[in-house]
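Shared between the two complexes below is subunit A, which pairs with subunit B and subunit C, respectively.
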Partner chain A sequence: MQGNNKLFHRLVIAVIVFVMLTPVLATLLYSLSTRWGATVLPEGLTFKWYIDLLSDPRFLLSFARSLFVCSAGLALCIAVMIPVIFIVFYSLPGLKKLFNFIVVLPFAVPPVVSSVGLLQLYSDGFLPISGTFWILIFTYFTIVIPFVYRSMANSFAAVSLHDLVDAARLLGASTTQAFFMCVLPNLKKGILSAVFISFSILIGEFVFANILVGTRYETLQIYLFNTRQISGHFTSALVIFYFAFIFLLTFLASRLGNRK
Partner chain B sequence: MSYVVVSNLTKSFDKTPVFANINFTIEKGEFITLLGPSGCGKSTLLRCIAGLNSVDDGRIMVEGQEITDLPPQKRGIGMVFQAYALFPNMTARENIAFGLKIKGEDKDTIARKVKEVIEIVELQGREDHLIDELSGGQRQRVALARALVTRPRILFLDEPLSALDAKIRKRLRYLIRQIQKEMGLTTIFVTHDQEEAMVMSDRIFLMNKGAIVQSGTPDEVYTHPQSEFAAGFMGNYNIIDEAASREYFGLSGTVKSAVRPEAIFINHPAAGVDCVDKTMEGVITFKQLLGNVMRYAVKTGDQDISVDVLNSHAEQYAEGQQVKLYFSADEINELRA
Partner chain C sequence: MAKKHYHKRGAKALTYTALLGPFAVLFGLFQLAPVLWVAINSFLYEGEFTLDNYRSIFDSAFTLQSFYNSLWLSLISSVIGLVIALLLVNSLRKVDCRLRRAVIAFINMSSNFSGVPLAFAFIIILGVNGSVTLLLRSTGLVEEFDLYSKWGLLAIYTYFQIPLAVLLLYPAFDTLKDELQEAAQLLGATTLQYIRKVALPLLTPAIIGTFVILIANAMGAYASVYALTSGNYNVITIRIAALVSGDIFLEPNLAAAISVLLMLIMAVIVMINYTLLNRSRYARKQ
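Then we have the complex of A and B:
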């Protein structure tokens, strides 16, 4: 009976792994093939598409731009949200319900709709940043708030926040010292998980980038969109490249998270 | 003037009173215990004195200095929490050194003081371990060392032993009391365990529903409960109703009385004990072996009386047996109406 159960569990896992990996493996194979049209398997294998990709300065620039706006938006979000969540959890726990509502707002409004609002807000007035990378940084800040909040809120709930701060204060520390010395280091796993989930989402973001800045500030996804006509093999190589990059980041995150 | 003076301390949360008009004094070097059931306000009272919660009214004085409005970091109070509240990102040594580091003491002084206190709490060999690598008892020793190393004016212990198993609890009880005496530390201990309060304290403040209902030495509070609550909380006192108190013990008016199970004797008084003249008659309905003591439940009219007899094979009574109960005359506690 137990043997049957084990077999069934393995079967379920195998099916899920197959379903998840098939598109990735197919894309990988396509990116390595010389031609793959009328045959079941590719006609030949090559690294040409990767060499073309990595030797294209436009690609490298768009990749660097993506890294920059994603990192800046995320850093801004982490820097603002961690103190905010600390204040909510430590001093104003009554606001948790309000925050649980606020953080779902970026999901509630479709990107096409909110980007129109953002364009109106930032086109003129006190902060005319429409069409620049700044608008992407501020937009990405709002996009990742739900992921950062949820991940950090779980981390704050997992540490005995009040006890840690109270103990530190009784030992002579100010609340700020208590936060930086006794609370923040214990949020490492939450911060890493927030950073890498958010980064993976932002690096694949297309709608806001396309509507808010388009070709004026070509990010990785805009580059992918603009080069889609060149060759399917080429765009597959691009997808596999950033997929591998995200995989590497996730791997590093888990290694860093496990380190004492 | 006493070392610690708490006067008219009042606290409520969202208009729900936690405690009101609390008054007590503590002498230097005294070990006092706030004892009471869960929710009686003892931990909140401790947190208010520590400055971790604000008070609505009243004053707290330590060494003649008013500390009521001082932030916790300026009160000179060391605290050991029930859930340890150790910093998980630091080793035991770093946890202990934290307060000294914040005070800005130099590295050599910190190292010397930390080493001393590690020896006092008997934590040698574990000081470089992270907190999650230590057992519950070891963690509580780190917490104690961390509170002691800064030489606080008062040490607060907020149910520090309740998460530990019985054996470690007994060992730590002894260790805490020993250190407290050696260092002459004025200590306020919070617990709901009357046995713990009795073995550790110089004085007990018994709390119920946000008020101190009785205070005194452990012996005074245990042997002379003044209320039905105190009698019930401090031991397995028998509460004798008004009519029986009048009839058997000659008490006047409408007061109940309380008698400890070990101050009642079955069929004949103990040698050398002066008993009240009248005996109660009843039937043993239940008997229970509690190790060194045999507890009998005796039904006498409307009353169920518990009697504890030292467990010996020479003197055993059977369930259903008709017996006479003798009450020690010195152990009849008249309870406040």
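Then we have the complex of A and C:
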């Protein structure tokens, strides 16, 4: 009975994982095949599509653009959130409740809804940045707020912040010194894990990129969408490249998470 | 002395402003302002306060259809995704640690596999000449599978709901200790009785919470539908985007009204969730 049960559970896992894996494996196979027309399996195998992809300047440029806007938005968010979180946890704990509410807002408002207002507010007027990478940096900043705040808050909850600062000040450090030399190193792990999670989310962002900017600043996702007419094999190679990149990011995130 | 104290307080306020200011400005400009713009302009038509935008939603069968399609896709994909996730998480709890970790790592990764890349993967396997379509056709199970119809969209929605549901439900199963089942069995309960009377009530809060997030996730989904059907399938998000960035004629205020309705629907769902949650807590206290 026990053995049968275990077999049953393994079967359930195997079936579900197989179904979830099928699109990934099929795309991989498709990206490696010379032709895959009206047959169940492809005709021949080749690396041609990957070579085509890696020698396409438009692809390399769009990837670089994606890396740039994602890093800029994320860096901006981290730089802005570090003092905020310190104030909230050290001086004004009364704000904690407010911030718990604030940081779910980017989740609660679908990006399509935000983009309706963003498009009208920043197309002209005092800040005409719609259609440029600036709007992407600022919207990506809002997207990652929940992740950056959560992971930093978790790190702060793990150390007794007041004891740490008090001890440093007792030894003659100013609050600023205590912050940079004692508090900040404690945030490192939280920030790093937030970086990988946020990055894999931002690199997959399509709504803002498509509605606010589109082809005027072609990011990886927009490029991916625009290559759909070129060749299915080429597109598959691109999807696999994208997935491998995500894999690398999540792998690094989990490695950091496990290291105590 | 008093003056010095006052100075100190002034300096403190200045420090707080300097440290919290950048966040407040950026958050206000790029998160709050757009939502406020949407809320206000949904009531404006050619500069005048009116309910015309809302009226034209209910007058247009096409717009109403987008609401119906979004709700249909969200509800069904959430239910199916939830059931599959429950099955998977339950089985994961019964196998050894290494397999469990590997599967969770895989699920974690596949939670990022959504939007445009996922739509393309689906076209490759389930498109007109996709290998799975060909397999299905050769077995005679399915005559014709149209990926670009609501069934195709349901498949892709369900696919991206599963990882999210698994990741949200997985921690909740910690409450189900093996001892609970053993105790129930000792008292003469069958497995079915154990599931109905012990496991499900304990999991109810997590299940309801997950369900709400899944629905919100599906209602807000845009990239997969857009990539799969080039914006030709009528769901709310596609409607909104077409009204602000389409190439025919733009009606941002109508888009704002639809956006407000979309957020209202999500708010109602969250409220129902809270009511159910409180009730289940109440039941547990009794």
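We take it that the second predicted complex is superposed on the first by the 225 of 260 C-alpha atoms of A that agree within 3 Å, B and C clash if a C-alpha of one lies under 4 Å from a C-alpha of the other, contacts with A are read in each partner's own complex, and residues count from 1 in each chain.
Definition applied: a contact is a pair of C-beta atoms (placed from the backbone, for glycine too) under 8 Å apart; a residue touches a chain by one contact, two chains touch by 3 or more.
Remember, predicted model here, so these are calculated numbers, not experimental data.
> Looking at the superposed three-chain arrangement on subunit A, would you call subunit B and subunit C a clash or a fit?
fit
> Given the touch rule stated above, what does A:P185 touch, subunit B (first), subunit C (second), both, or neither?
A:P185 sits against subunit B, while subunit C stays out of touch.
> More residues of subunit A in touch with subunit C or with subunit B?
C
> If we overlay the two complexes on their shared chain A, which of subunit B and subunit C does A:N100 touch? Say first, second, both or neither.
neither
> Touch check for A:G172: first (subunit B), second (subunit C), both, or neither?
Only subunit B; A:G172 stays clear of subunit C.
> By the touch definition at the top of the document, which applies to A:L164: first (subunit B), second (subunit C), both, or neither?
A:L164: touches subunit B, not subunit C.
> Contact-wise, after the overlay, does A:R10 reach subunit B, subunit C, both or neither (first, second, both, neither)?
second
> Touch test for A:S200: subunit B only (first), subunit C only (second), both, or neither?
In the superposition, A:S200 contacts subunit C only.
> Once both structures are aligned on chain A, how many angstrom separate the closest C-alpha atoms of subunit B and subunit C?
9
> Give the list of subunit B residues in touch with subunit A in this complex.
47, 50, 52, 71-73, 75, 77-79, 81, 83-89, 98-99, 102-103, 130, 146-147, 150
> Within their complex, state which residues of subunit A touch subunit B.
That would be residues 159-160, 163-164, 166-174, 177, 181-182, 185-186, 260 of subunit A.
> What part of subunit C is in contact with subunit A in the complex they form?
16, 19-20, 22-23, 26-27, 29-38, 41, 84, 87-88, 90-92, 94-95, 99, 103, 105-110, 112-118, 120-125, 129-132, 134-135, 138, 159, 162-163, 216, 219-220, 222-223, 226-227, 237, 240-241, 243-245, 252, 255-256, 259, 262-263, 266
> Would you pull the subunit A residues touching subunit C in the complex into a rising list?
Per the stated touch rule, the residues are 5-6, 8-10, 12-13, 16-17, 20-24, 26-27, 30, 36-41, 76, 80-81, 83-84, 86-87, 91-92, 102, 105-121, 127, 138-139, 141-142, 145, 200-201, 204, 206-207, 210-211, 214, 221, 224-225, 228, 232, 235-236, 239, 242-243, 246-247, 250, 254.
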